[in-house]
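Next come two complexes built around chain A: one with chain B, the other with chain C.
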Partner chain A sequence: MSDQAIAQNNGVVPDAIGKGFAFVFPFIAAIFVSGLALLAIGENPVDIFVLMANEAFGTERRIAATLSAATPLLFTGVATAICFRSGVFNVGVDGAFVLAGLAAAYIGFTLPAAFGVSLIPMAFVFAALVAAAWLYVPGYLMAHYEVDEVVSTLMLNFVALGIAGYLVNGPLLSELSGNNVTPLIHEAAHLPRLLPPSTLHAGFFIGLLMVIAYGIWTRRTATGFEGALVGLNQRFSRAIGISVPGAIILAMVLSGIVAGFGGASHAMGQLHRFVEGFSPGYGFTGMAVALLGRNTALGIFLSAVLFGALASAGTTVQFFSDIPLDLVNIVEGTVMIFAVVEISRLAWRRRRKAA
Partner chain B sequence: MIVEQVLAASVIMTTPILLAAMGGLVNRRAGIVNIALDAKMLVGAFVAVVVSSATGGWFVAVLAAAFAGAFVGYLFALVITRANANMIVAGLGLNVLVAGVLGFILSWVYDSSGTLRLPDVVLLPHILPQSLEAIPVVGEALADLDPLTVFAWASVAVLPFLLASTRIGLWLRATGNAPQVARAVGLPQNGIKEFSTAFAGFFSGLGGAHLALASIGLFNEGLTAGRGFIALAAFYFGRDRPVVTALVCLLFGFLEATQIRMQTAGLPPKLVGTIPYLFVLVALCLAGFRNQRRKALS
Partner chain C sequence: MKLRKMMIGGAAAIMTGLSPVAMAADVAPAALIIAQGGLGDGSWNDTANAGFEAGLKKTGIEGRPVESKDVASQGEEIMRRAADGGFGLVISLEWIHGEPMEKLAPDYKDTDWVIMNQTRKGDNVASVVFAEHEGSYLAGALAAQVTADTSIKGINEDAVIGVIGGVKAPGIDKFIVGFIQGAEAINPDIKVLVAYSDSFGDPAKGQQMAKAMFDDGADIVYQVAGGTGIGIIEAAKAEGHYAIGVDTDQDSMAPGNVLTSMIKRVDVAVEDIIVNYADGKFPGGEVMDFGLAQNGVALSDMTHTKDMIPAAYLEKVDALKADIIAGKIDVWDVSTQGYPDFFK
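On to the complex of A and B.
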């Protein structure tokens, strides 16, 4: 399903303004919708938004909380963007992220603690291998048998959750602490915390590295360029000698590796174990991040921080006022829907009506 | 005894999936892969509980749920047809949005997190006399039969005819299968797509109403538990043919009904729960291999 809207291009509007507007528009829509919800319950939306902004960026500690919440989204956003720009509609990042988290935690608590810090790279590599293999399957099926990747990856998400849920309640269940959790990983394998009271950990820098690497890959490498071409026009790509199946599989595998690093970072830095409900939909928020960022490195970074801010502010605003946390979901859903709406087309319709 | 219970439970568990699958099937025939069936089921369940409690009538509740689903479906369709949004992303977004809105309403209006218990919720009636229970094997299933289950299976019987032999069925299939032709003969394609999505919403709303009102009589944020996606799995596996899809739904309903028993038999329920999804993967692969072979031959 190579969709133009996804492959980052809707012409018509002049570039710079168009891009900026495309980034802002879903947010305006989201602010509007959530503002309506707030008005409906008799709160002043402006007050709440100001409060949220303060809670997200007010102090050093709050910024740390925001970046901590943004960390997994950096990975899932990049993982999603890698596929979207190649016209591969991979919605299976969430499942890969979960399995990778389990794989990393498994390395972290089964191997002897004597390995020390070297547990961290081992866990990352193993997690990336698991996640890459996981997404290789739908990639291969899509590339060679035209198996619809949307449905296959969507279904694989549920399978991944099932497998992880089974393992964490059965063979890998911690004997010490009840239900749904694995044992803790060795302390040596913890990613260092950056600003101790907050949970911000070194995984944030790894995520940042992923975003930068993604930017370089898209702009400076042959395979990155080929991926974009395949996303824009498969027939043309084939005609000039690009291996379309190769590009598709490469996108899936790279996406798996990044998702795998993300799962590993979340397990080794944030939770220090695997738990059921490891990902509250990071993969799907990652889609919103990639879409909102229009598959550009800078855009992904900004969107990830924005969604991180939303999550961290949402949790604390709940303490100060009676605003339900579900507001965050309302914003996220609205952003996702309006990120794919073609504004140029809407504008065109309006003009025609006026004329 | 066990056979009777399993059969009765399977029939009940099948109904919501079946309703959503029939809606989604019609929608896909018209060219829209509806990934937001789950959201519409959730809306339906919520509306059904609220209306049932307020009016004390199951029929009004079911109708309200269906129209609520249809309304959400129509809005969803507008985003796709008129604003050219990608249907997959918009669908996933709608699932998130609806969960958010319902959770918001739940905690604000009803001051509860996650579960909505209302007084005087009227459940779906059983349409056959309870004395039928005495019949061996099918007795319990017959006695438990509710109007929505009958409606669901009636729709399975009618839909093949509607799709194959009526004007609207033909338009629908043309819009999905041959957009150029539909355009050439001047069909209102957007209107047809919107109608089919509202139709899917209507049926999903009914499915949600059944989930809420068949036996438990309350609403919970996790009530649908991904059944919208199971329905998607069913019509993908059934390749959009109503009868085959219905049989697949029955199989999924059976799996769900036996899950607890399998657990006591030592099979891990989490793994059994993945079977419907694996089914779809297998079906997709088989279809892919077949297409490939056909292409290689020609």
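On to the complex of A and C.
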């Protein structure tokens, strides 16, 4: 089995085809499973899938809606991949994203509007600082005290939601509203929309920039290469003089910065405030995006667009058919299950390391 | 080639699926956008959807409820898609959609828009608000009478009742202030314990907080905390005291231990809007206030408790209700009047 894997990497089976298949296979499986589910409830799967494809990519406006839904996933996908490739199973991107969103919105509505457009970089920097500091903690604990990062980052998500929930229900609550939202950020701090009236905003380009920067970091920089080595074999990395704790902490901090930019982009470009329910689990969908994209820049971009398409088309398809949202959940769930093959590999690596 | 034909045929079949029905009723179809929490919440969304279906049935209009996991940030896209897709009436149950709805409504003059629990401008936008303070007033008045009557099982001597809100926010304090005002109308010296759970989805916390209130001498606790309130009702059952339900009829969640429920009739509101829309009388630009007079808020039928509550108490509640409808009693509304002196 491992011989086969080595053979693949040696080019007997071109790597690109292997990766492409790994990317497409979960979707084929998902379409098959959800097709069965549709047949079971008496719907014609072909009709429904055509309708969904139209809702996702049929017109310029629908493509814009899909990309708009994909925007936060570009950030959370990259943030997750940065850690996964170093063998750091960081599941705390969602919490960092939420806190960063609140931090960015806070800058956007407390500082005077006179700051104008400069509010945007200030909000992004502040959000990135908050999120990076947030993920530095579990990174440090993992690197120096071997605190299991799955447990710490998962638990920190609840802490982040608790803090954000407290602030938006108390000190930062908009007095004008009967609901748990902060005031709106100043108009000058809004990220511009790309194709009005679509909600697609400049944050999409920032997300693309993150994906490209990630691609360059992984392929062209020393620290990116070291991160990959640490993910492959910690003992070997140590033997050749790489600081494993340093690589782990760096991965966490970079992950935090990207998640922070994502939260800021969502607050400044999409919602223009912080609300309860700011992230419906973008961090967790980001894990699926990273896994499905096999931690490659192109893979992450394509996965993010596909999950964005599912989110946007899965909703609007209900206007024109009797398909419940559950179908979309089935598709997403199936994709994740089949994409998780990658997780089992990671877990295997961890076991081997322990042995 | 064959697959391609099938695909085109399939798409065409679906695209035309809506129009025959809509033409039969001669009115464009209606859409209901489900809020965070989704269908199956046993509360706000489900109640509204029941009214939606009843309204469709009554008028013969075609319509669909729409759910999204990401309903907060996709709101604008969903609403625009509904209007582009030929829907003539779009009702959103999601509070956060108010802002974008106000902005996009002028782009879609042929579509009527409805938002809940807030006031939005626009000739084709109707705002629905509920007078929860009025319903809560009646709940407070009933609780104040019952807590003084030790002949009722589970009632102690102390004139103490409680209320637990989900969060400290004007939208929740609207209930709480109405409740206190109603209780004090019966007994000016009554003690009303107030606490906030800081969550709408934590039954364990609700149970603990309610138990603490029962330990402090309260025997009736009003829950204004959504899912957290489920724990409050469980605590009432476990301790042999009473809870008051909210939003939907929660009396049967613990039969005999839920004194009554303050029901927000979002179903009445949604059905009413659909009927008006079908008749060509959509109240565009208006604020529709659903209070006691419109049957928009009400106490439950008290199926399990009405036999143990002395009839005089219920008559008093009915009298207060009539006075509120007649305008003889003004119930304080935190959402429009801010905070009163007796509750800061």
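In this text, the second predicted complex is superposed on the first by the 327 of 355 C-alpha atoms of A that agree within 3 Å, B and C clash if a C-alpha of one lies under 4 Å from a C-alpha of the other, contacts with A are read in each partner's own complex, and residues count from 1 in each chain.
Operating definition for what follows: a residue touches a chain if its C-beta (ideal position, glycine included) is under 8 Å from a C-beta of that chain, and two chains touch if they have at least 3 such contacts.
None of the values given here were measured: they were computed from a predicted structure.
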Chain A as common anchor, with chain B and chain C clashing or fitting: clash
Touching partner for A:L51 - first (chain B), second (chain C), both, neither: second
Which superposed partner A:L173 touches (first chain B, second chain C, both, neither): second
Chain B versus chain C as contact partner of A:I41, first or second or both or neither: first
Which superposed partner A:M336 touches (first chain B, second chain C, both, neither): first
Which superposed partner A:F158 touches (first chain B, second chain C, both, neither): first
Which of chain B and chain C A:F320 touches, first, second, both or neither: second
Which superposed partner A:V24 touches (first chain B, second chain C, both, neither): neither
On chain A, positions contacted by chain B and by chain C: 165-166, 169-170, 281, 322, 324-325, 328-329
Complex contacts: residues of chain B adjacent to chain A: 33, 35, 79, 82-86, 88-90, 92-104, 106-108, 226, 229, 232-233, 236, 268, 270-271, 273-274, 277-278, 280-281, 284-285, 287-289, 291-292
Residues of chain A that touch chain C when the two form their complex: 44, 46-47, 50-51, 54, 61-62, 65, 68-69, 72, 165-166, 169-170, 173, 175, 177-181, 184, 197-199, 266, 270-272, 275, 277-278, 280-281, 311-312, 314-316, 318-322, 324-325, 328-329
Chain C to chain A touching residues, read off their complex: 6-7, 10-11, 13-15, 17-18, 31, 36, 38, 64-74, 76-78, 80-82, 84-85, 87, 95-96, 99, 104, 107, 117-118, 167-171, 174, 198-199, 335
Complex interface listing, chain A residues touching chain B: 1, 3, 5-6, 37, 41, 89, 91, 141, 144-148, 150-152, 154-156, 158-159, 162-163, 165-166, 169-170, 281, 284, 287-288, 291, 322, 324-337, 339-342, 345-346, 349
